[in-house]
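Note that the chains are named A, B, C and D in the order they appear, and that numbering of residues resets to 1 at the start of each chain.
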């Protein structure tokens, strides 16, 4: 327990595409920082390239993408591939927010974005604590590899 | 047209069974009277026998049964047969109100009560005018026979 | 013979034997054991206690009727509504055969429901379920369960409900006489109600607070003063038999000034008559319902009705927000219907709880003055008729139309009084029938109606009456 | 260079050429023809006219955004809502690619939506649909269609909307600068907004009333004075360019005294500054929205939110009741979602229209005094900064945090100010950042917060901030 609490990590956060919905990710960022994770916050309207460059610069463990516009499916196409191309081999990728335009079965949404290369997918209303716990676990796994 | 307007008839009205929902039928009665139909109003909590006796006494063209309790199906069982037994051979039978306990497809409800011997079946929210028009038509048919 | 006088213990227990023998479950009722049972329930399962808690904490509780044909279905419903509807009070509606004391037919319905697994009754056959059935309900949830029904003779049903752990009832004289039975006499209803109240008084005297209450009668479309008069009469019957906790209900019609005023007038005059007639230490809990003749079929309009009901509750300082579910117009509501409705009401209550809003004071003063005069005219006439005995007077008042109701199911109502909305949606007397009103009062109402005719540019007729009755159901106030 | 000065006709038409060449549909816009087109529309299809009608008839109109990817889908939506939602105003939300001027990507989305028959955009790609597309919408319904969106650069989109027959827009300086773009500069947004307002002024001067308006910024969780200051600045930009009809919007937070007061203060101070700066004959239409950070997921709570919004609208005398559909938290609402919500709002409005209710006057007076002082402090500082020019001052105020917003998407915001609820649900300054407030003001807010801490018996922290932001979404006020 002790060890886990001291465990640190670094993450890049932002809202992808033309999207300005900033509040959800702000809340997540704050929780991550409180948990001792170093956060590079890119804010709203961030492109895939900006995410990747920031991750390279900060040697990040994870990229946390937020999206509320309903255009996520289009906006994250081949994001994982580009990460790998840039040398971010086993970087942790999360996505959360209001991902699709119409209300759909959550399991299906999750499956879709996992296929698009994300390790974890979060619906609206996700508790920050959950995201923090997940990230801590995933970072410790990643580092043990 | 003229003739039709002067056409009269007599009807017995009431709420069947243990049911006290009196307002719907009061509104219908008033409309019938305004249209020149003689109404014998039995009020609430009327038994099958009371309906039949009143119809015999007044030589009625029609019996209008109202029911809101949701117990209508049980309460009107063999009503048509009893009418025939009592000599009310081709009396017009209407029923209206909130007939069943759960929301069901109206067509089905209508079918059910037609099978139970009613000539016409009316849902909640029926306009009094519609009932009056129907009754005038049916009485004129009946009298022509 | 009608008399507003407490039943002697002897009379009461004599009658009680007879009552309990009406159906075999009557044998299950043991008064001393029941009192012990109540004393061992958590304090906030007691209805009066919960009402007092609400009053002290400035809370408003949604309440409504809810009834299924079997104890199992009823438990499922109550638990669902408690959890998903965030309910503070739960309801229990007996079916209409039980209300009419046809326990045999109710038994058939119960058995058929159990056999088919489908509810064949419009409520719970309480008497057939017996004391043990009701206790299973009471023990399955945390909230108090509020029996909600009217009946000409609820004696056995209430015996079983109380012994089962319920701690309130509405032995509402005029509601039950006029609205819930077609042929019964006032004398009979007075007797059965005195019995029930005597029973509630007995529990109360033995340390179990029982809460009674009244709303008068189903007064959609009728100005409030007539309802207020009947409420006060009903409550005077209750307190005479030893009831100490009263739920004083009011039917809103949608004009908030009128609705708030009528609740205030009701509470003030009740206190006045209680004092005058010497009843002490009576606790009152105001409640309100939006009294429609027909609930909206459209779901959107239904939510708007719940909202008005809650706003009324806030403005009058009610503990009980007496609502109907958003499926009311259709059929017996499902558990989801009830829970959705309760959850909305709860959120509205939460949003309104601490707000500082009020009705226009000047308008309210005029309205209150007139309404007080009207109620006093009726009640003083009733007391005069009865030579000080409010029930003796009530009997004569019904005969002469001094107490009246145009939409009574019971034949014993003059049925002359009619109401109509004014231009702002308050209900006015269109026809005062035989109400003992002064010229001033009659003129006041006439003027309000004339004002509407002027504004709308057309005169009022029977069509207007009907359209007024159905206005709110269609999404309008006037 | 920033200046609050009317664009000369020359400058305007020069810039206009450029704007219209950004996408091929720009060619369709012919200003003189468009003015004729407007003049031939029924008068009540004009937004300002309809607002005036509402004001004169004491009516409240529900309004909300609604957008589908194709003209056909949008027509279906609007007609459905007009009929089944009993709507008085219809909405039109452009998609977010269009808002960001990415007309190419929007074109792809449009084509894909047409091909698949499934909406692939979060709104209508207005520019791609062109003038003829918008006219088909306008002609398919009876209500005015209200474009509802924010964008850093809406010049082309508004050109097309106006030429298509729409007669209002919200060139809302701070909303668009802070909320609708991450990287744009204030100068750019000022310029684009001056252009749009000059265009609206042009129509107005040529006999077609165009209604602009502002809400300031998306101020969930932030006390009203800051929003009021930004609203007034936005509106001063608008009137300088020739706009004569203003929709003055306010974001309610749920405490009715505060919400009503902030609308009043906004209108009064706006009038004061208009007079002071010499703008005449400006018509104002108040509107209100319940400004939540997160709309409730639960349908019941959602209806309660619509109800609060409508109650606010009634209490402030709004013409526009700016609501969200009951599906807001989930996804782009279906036509049924919109119609259900509108129908409820309509019934609520009908029920409330003639009611005589009001907020507590004493409380309101104190609140109004403080809020006026706050707004004056900010605006006077802005004018001081700008040497009388409100926009020059605004630029400096943003830099120094005299105008601030903690939840801006734009990086250009000090982000120091924070709000928190007091014990009655009014929003107070938890942190006043660099706002130029007197000690009296700061103490007032501190005291209110201390009062809450005392009542709740615990001190306020970041968790409280978040739970306050989400309280209404979960069915509570505080």
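Observations
Everything below uses one rule, namely that a residue touches a chain if its C-beta (ideal position, glycine included) is under 8 Å from a C-beta of that chain, and two chains touch if they have at least 3 such contacts.
Note that the coordinates shown come from a computational prediction; the quantities given were computed from them, not determined experimentally.
The most distant chain from chain D is B, comparing centres defined as mean Cα coordinates.
Centroids built from CA atoms put chain B at 68 Å from chain A. Measuring from the averaged C-alpha position of chain B to that of chain C gives a distance of 31 Å. If each chain is reduced to the centroid of its CA atoms, chain B and chain D end up 57 Å from each other.
Residue positions of chain D in touch with at least two other chains are not found. Residue positions of chain A with contacts to 2 or more other chains are absent.
Arrangement of the chains shown, judged by which pairs touch: a linear chain-to-chain path with two open ends.
Listed by label, the pairs of touching chains are A-D, B-C, C-D. By the touch criterion stated above, chain A contacts chain D in their complex at residues 15, 18-23, 26-27, 30, 43-46, 69-71, 98, 100-103, 124-125. Chain D contributes residues 96-97, 99-100, 102, 119-122, 179-183, 293-294, 297, 327, 329-332, 407-411, 462, 466 to its touches with chain A in the complex. Note for the complex: chain C touches chain D at residues 86, 254-257, 296, 298-301, 303-308, 311, 315, 340-344, 346-348, 350-351, 353-360, 363, 423-425, 472, 475-478.
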